[in-house]
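Next come two complexes, and both contain subunit A; in the first it sits with subunit B, in the second with subunit C.
Here is the complex of A and B:
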C-alpha cells in the first residue's frame, strides 16, 4: 500500500474565487452562444445571397430586427424575472389603436393621443402584473387571458368607435409630423438609410443592460426570477419588481405601437397576433432561460437580430417561398443548438 | 411616499388637462369627417325571419367587415334578423354551421374555402329544409353541395384580369405577394396573374399580421431581384406596406392590388397605386341575405345554377373618383 500524501494546494486562494481566463469568462456570458450563432448565420447568407452583402440590405435587416427587438428587451427582463407576457403582441396594436382613435375622435393634437395611449399601455401592464402577483396564477395563464381580451377589445372598440375595423388616416392631424420624427423617421448615413427605431433599440438595450448589471433593481430581477420566496425572505420587494417588469413590457409595446402608427398612418385592428412568440423566441435564442433567473438584454437583442436576419436572408437568397417557414425553423433550431453547445462547453471549462 | 405619489399623480393629471386643452388639432380628425350617408331603403312587410351568415373571415379584417355591412343593409330592408359568425379554421366553421342548423334558422349563407370539410354539414342543412346560399369562396364546388346560388368573384378570373392589366402596361417581371399561406383563393389569384401575364412571374409569402415585417420582406425581395418592375398584392392593407417597401428599396416597381378599402382611392389618385381589383364584398353580403329573403318570400332563385359574379371590378384613375366616395363611407 503506497501512501500518497497529497501535497496540499497553496491555501492562499479560495477555489470559489479562482480566476478563470478572460475567454472562459466571456464564453460563459448568456449572450455569447447567440452571438456566435448570429455570426454563423450572417456568414451563411453573406456567401449564398449576393444582395444580402449590400449595406442597404443590412439596414433593412436591422430595421426588421429592431421592430421585434425593442419589445424583446423588456420581454427578456420579464423572463429573467421569471414571468411571461403573451399579451405583448396584441398590446402593440392596442397602443397604436388608442393613440390613433383618441386623436382622431377628439380632433386632438397627435401627442395627446400618444400620451393617453401610454397611460393606457402602462395600465395594461399594471393589471397583468397585479393579477399575477396577487392571484399567484402562472403569468402564462393570466396573460393568455389578457391576450384574448385585448384581441377582442382591439376589434370591438375599433368597430364601436370608427364603424370600421381599421382606424382612419391621421396623417393630417397636428403633431403627426413631429411624432413621426420621433417614432418613425429615417436618415441617411453614407448613402444608407437608417431607421430611427434602430437607435431607440440600441438605447433600450443599453439602459436594460445597465439596469441588470449595475443597479440594485437588476439584482432584484435576477433574484425574483431565481427564487421568489427566498428573495422575498431577504427583503426584495418581489411584487413591485414583477409589476414593474410587466409595465416595462407594456411601455416598449407602446413604443413599438407608436412606430407602427406613425409609419403606416392607419392601424388594422387584427394586427400583432403571433408576435408575442417572436419576442419570446428572441429572448430564448438570446440565452434567457424559460425558467427565469438567467439571461441578458444584449442576448435578446442578438436573438431578435437572428430572427430578422433569418427571415429576410431567406428572401435575399431567393429560396423557394413555399419552404420559407421550414428554413426559418431550421435556422432557429440551429442557432439554439449552437447556443446550448457553447454554453455547456463554457460551463464545463470552469 | 404617499404624499409624493399623490403629488405626482396630480401633476400628471394637470399636465394631461393642459395638453388636452391646448392640444386640439387644426386639421384632420373627426371634425373634418363628412357625414357619410349609408345605403338605406325602406323596410319589407314580410314576417321577420332569421338568417345565419357563417364565414371563414378573420375577425378584424376590413374585407369581411364590408361583407357584413352589405348583409346588414339587406337584413334591415328585408326585416331579417341576421346572425353573423366566423372562424378561419374549417373545422370550427363547420361547427358554426351545425349550430345554425340546431337553432333552426330560416336560411344560411356560407363561404366555402374548404369544400370537402364543409359540404357534409351544408347538405345536412339542406336536408333539414333550410335554404343555403354560398358567397365569396367555393365557386367550383357550390353546385355539388346543392346550395341555391353562389355570389362572389371568380378568383382565377380576377387574377387573370390583373395579369392582363400588368401586361398592357408593358411590365416585364411581376411579383405576387401572398399574405397568408395555404389559402386556395389567394393562390388562385396569383396563379391567375401568372396565366395572363406575358413576362416573368414570381411569388413571395409575407406575414400579413405584422406590417413592418411585411414591408421589410417585400423590400428585401425587390433588392434580391431588381428586375421586378410590377408588384401585385392580394389585400388592400398589404398594398400600403408594398408602397412603403418600394420607397425603401429605391425600386422603380409599380403596384396593383386586389380588394379595396378607404385608404386605397387616395393612393390611386396620387399614382402610387396603378389599380385595385375589387370583388365588391358589399354586394356579396347584400345579395346573400336578399336572395334568401326572395326565396322565402317569392320562391326566386338567382343564377340558374351558375355562379353570379360580383367581380372582378377594376378601379383605376378613370373611375376612382366615382367609387372612392363610397369607399370613404366604408361600404366599398
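Here is the complex of A and C:
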C-alpha cells in the first residue's frame, strides 16, 4: 500500500488493531455457524449411516438440497433486504402449472409456456413487492395473503382446466426435450450422476454473492434491510430495491417450477405448501438476520444443504422418518443459537 | 474554497429574509432572517417547539417558506426537494444521521454515492478506492479510525456524528446544517463534535448549528439566532453578546423568575430549589420583565 499524501502515512495496518487470528476473522462471517453445523451433521451421518458414505448418496443429497437451495438464495437476499415471502413455496407450483397448462391447452411450443410462466411469476413478485412498499403493511401479512390466494388458484384453476388435481403429461409437446435439457437434465461424472440443478444452484449462489458484496445493488440490499429510512435519506431507491428483491424471489421460484415440470412431466396442484418455511429456515440457519441487514447467499446454500442432508440422512441411517420434523426443528433451534453465539463473539472481538 | 463570482460586497452563502411558515392557521415561524457566510458558524438556539425544526426544513428544502425570500449565493431559490438543496451544496446532517448501523464505515460513507469501475459489461464497486478515501477523509477531519471495515454501529455517538459530517463535506457540501448534533451526547463526546464543527468552519464551510445548549453554541458560533415560539427574540454577532447574556436569553429570564415564584409556593424542598434558582437568575443578570404573551 503506497501513500502519496504529505501527512505522516498511516501504516498499512493500524497499530491499535490487534492482529485477529485468521480463525477469528473467519468466524465473523455470517455463514460460519451454518458451515460448522453442516460439517458436524455430515460427520454424524457419515458415522451412523453406511449408505451415506457413497458418492451417489452425496449426489442425491446435493440434488435434493439444490431444489430447495435455488429459491433459498433469493429468499436470503430478500431477508437481508428486510422482507419475507411466504408465497414462495406455492409460487413454484403456480409457475409450473401455468407453463404446463398454457402449452397443453393452446398446443403451443413448450418454450412459449415457459416464457408466459416467467411473466406471470415476475408479475406475482411485483405485486407482492408493490403491495409491501406502497401499503407499508409487513411483508409477512401481505405474502401470507398471496400465499393463500395462490394456493387456492393453483387447485381451482387446475381442476377447472384439466378436470383433475394434476396437469396432463406434457412430454410429447414440441420443445419439451430442449427445455428439459436446460431445467432438468443429468450427466455422469466418474460414474456418479449429477443433476443439472446443482450447477444452476452453484451459479445462482455465486452471482448472488458477487452482487451482494461487489455491486451497488448489493450495497443497497444491505442498506434497505439495515435501515430503510436512512437509506432513503441518502438517496437509495428503497422501493425499487425491495420490489426487485420480491421479483428475484419469484424468478427463482419460476426456475424451480420449471425444473419440477420437466423432471416429472406433470404437476400436482397441491405441491409446494410448506416449502416457503424450508427456504426461510435455510436462510436463517445460514446466518441471515430475521430483522434484515445481515446475512449471505452462501449461508443460505449451506442451510439448504443441511436440510437436504437431514432429510435423506435419516432415511440412509434407517431411522424412523416420522422423527424428521422433530429433528429439523431441533436443528433450526441449534443453528440459531450457534449463530447468535458466534455473532456475539465476533462482534465483541472487533 | 474559491469564490466564483465577483460580488461587490460579501454575499452570504445562505440568506433568509423575513421568512414565514404557516401550516393552515398555525404559524410555525414568523419573520425569521438569518445569514450564513463561508467559514462561519451560525447557531440557532431555542427550546422545544421554538420552530428550530421548521427552520431547518425550510433551509434543507423540505418545505417552502410561506412568505419571505431564501437566497443561496445571492440568488433567490425555491427548492422542491432536499435533493435540489443538496445540489446547491446545502447538506443536512439529521439527528438519526442516516447511517445503517450494521454496515461497515466505508459502505456507509459512500452509501447512495457508490464509486464504481467498469468490468467488461458490468460495473462493480471500487472498494479499494472507497476504503482509502473514507480513511483519508476521516483523517482530514481529525478522526483516526482503527478500521473502516468495522460496522458503524460500533463507533461512539460522537464518531458517528463526525462520519456523517465528513461524508456531507466530501460530497460537496458548502453549507452544513447540523440538527442538534450534541443533544444525545455526553460532555466529552460533545466536545469532540464541537471540534469538528470548528474544523468544518476552518475548511471554509458555512455551518448552521441547531442546538438548545448555549454552552455548546457560544464557543463555536459567530452569529446567534434565538428562537422562541416561532419568532426571533434576538439575532446577534459574537461581539454583541456574552455567553451569560446568551444563556440568560435562552433560559428566558422571565420564565425562570416565574418558575422561582412557583417553586417558592411549593413547600420546603421546592423553596430550597427556588432559592438556588434565584441566585442563578441574579448571577446571569436577568432583569425583571413582564412575561410577554403567555
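Criterion: the second predicted complex is superposed on the first by the 326 of 350 C-alpha atoms of A that agree within 3 Å, B and C clash if a C-alpha of one lies under 4 Å from a C-alpha of the other, contacts with A are read in each partner's own complex, and residues count from 1 in each chain.
Operating definition for what follows: a residue touches a chain if its C-beta (ideal position, glycine included) is under 8 Å from a C-beta of that chain, and two chains touch if they have at least 3 such contacts.
These figures come from a predicted structure and were not determined experimentally.
Colleague: Between subunit B and subunit C, pick out the one touching the greater number of residues of subunit A.
Modeller: After superposition, B is the partner touching more of subunit A.
Colleague: Examine A:226 and indicate which partner it touches, taking first as subunit B and second as subunit C; both and neither are also allowed.
Modeller: Second partner only.
Colleague: Now for A:303: first (subunit B), second (subunit C), both, or neither, which partner does it touch?
Modeller: The answer is neither, since A:303 touches no partner chain.
Colleague: Scan A:33 for contacts with subunit B and subunit C and give back first, second, both or neither.
Modeller: neither
Colleague: Please work out whether A:286 is in contact with subunit B alone, subunit C alone, both, or neither, and reply first, second, both or neither.
Modeller: neither
Colleague: Does the superposition put A:214 against subunit B (first), subunit C (second), both, or neither?
Modeller: Second partner only, subunit C.
Colleague: Should A:109 be classified as contacting the first partner (subunit B), the second (subunit C), both, or neither?
Modeller: first
Colleague: Overlap the subunit B and subunit C contact sets on subunit A and report the shared residues.
Modeller: Residues common to the subunit A contacts of subunit C and of subunit B do not exist here, since the sets are disjoint.
Colleague: Touching subunit A in the complex: which residues of subunit C?
Modeller: Touch residues, subunit C against subunit A: 83, 94, 96-103, 107, 110-114, 116, 122-125, 127, 135-136, 139, 144, 146-147, 150-151, 154.
Colleague: For subunit A, which residues count as touching subunit B in their complex?
Modeller: Per the touch definition, subunit A meets subunit B at residues 49, 51, 54, 56-57, 60-61, 63-64, 67, 103-112, 115-116, 119, 151, 154-155, 158-159, 163-166, 168-176, 193, 259-260, 263-266, 268-275, 308, 311-312, 315-318, 321-322, 324-325.
Colleague: With touch defined as at the start, can you tell me which subunit A residues reach subunit C in the complex?
Modeller: 5, 7, 10, 14, 16-17, 214-216, 218-219, 222-223, 226-227, 229-231, 233-236, 293-294, 347, 350
Colleague: Across the complex, what residues on subunit B touch subunit A?
Modeller: Within the complex, subunit B contacts subunit A at residues 16, 19-20, 22-33, 58-62, 64-65, 178, 181, 203-205, 207, 209-213, 215-217, 219-221, 223-225, 237, 240-241, 244, 248-250, 261-263, 266, 330.
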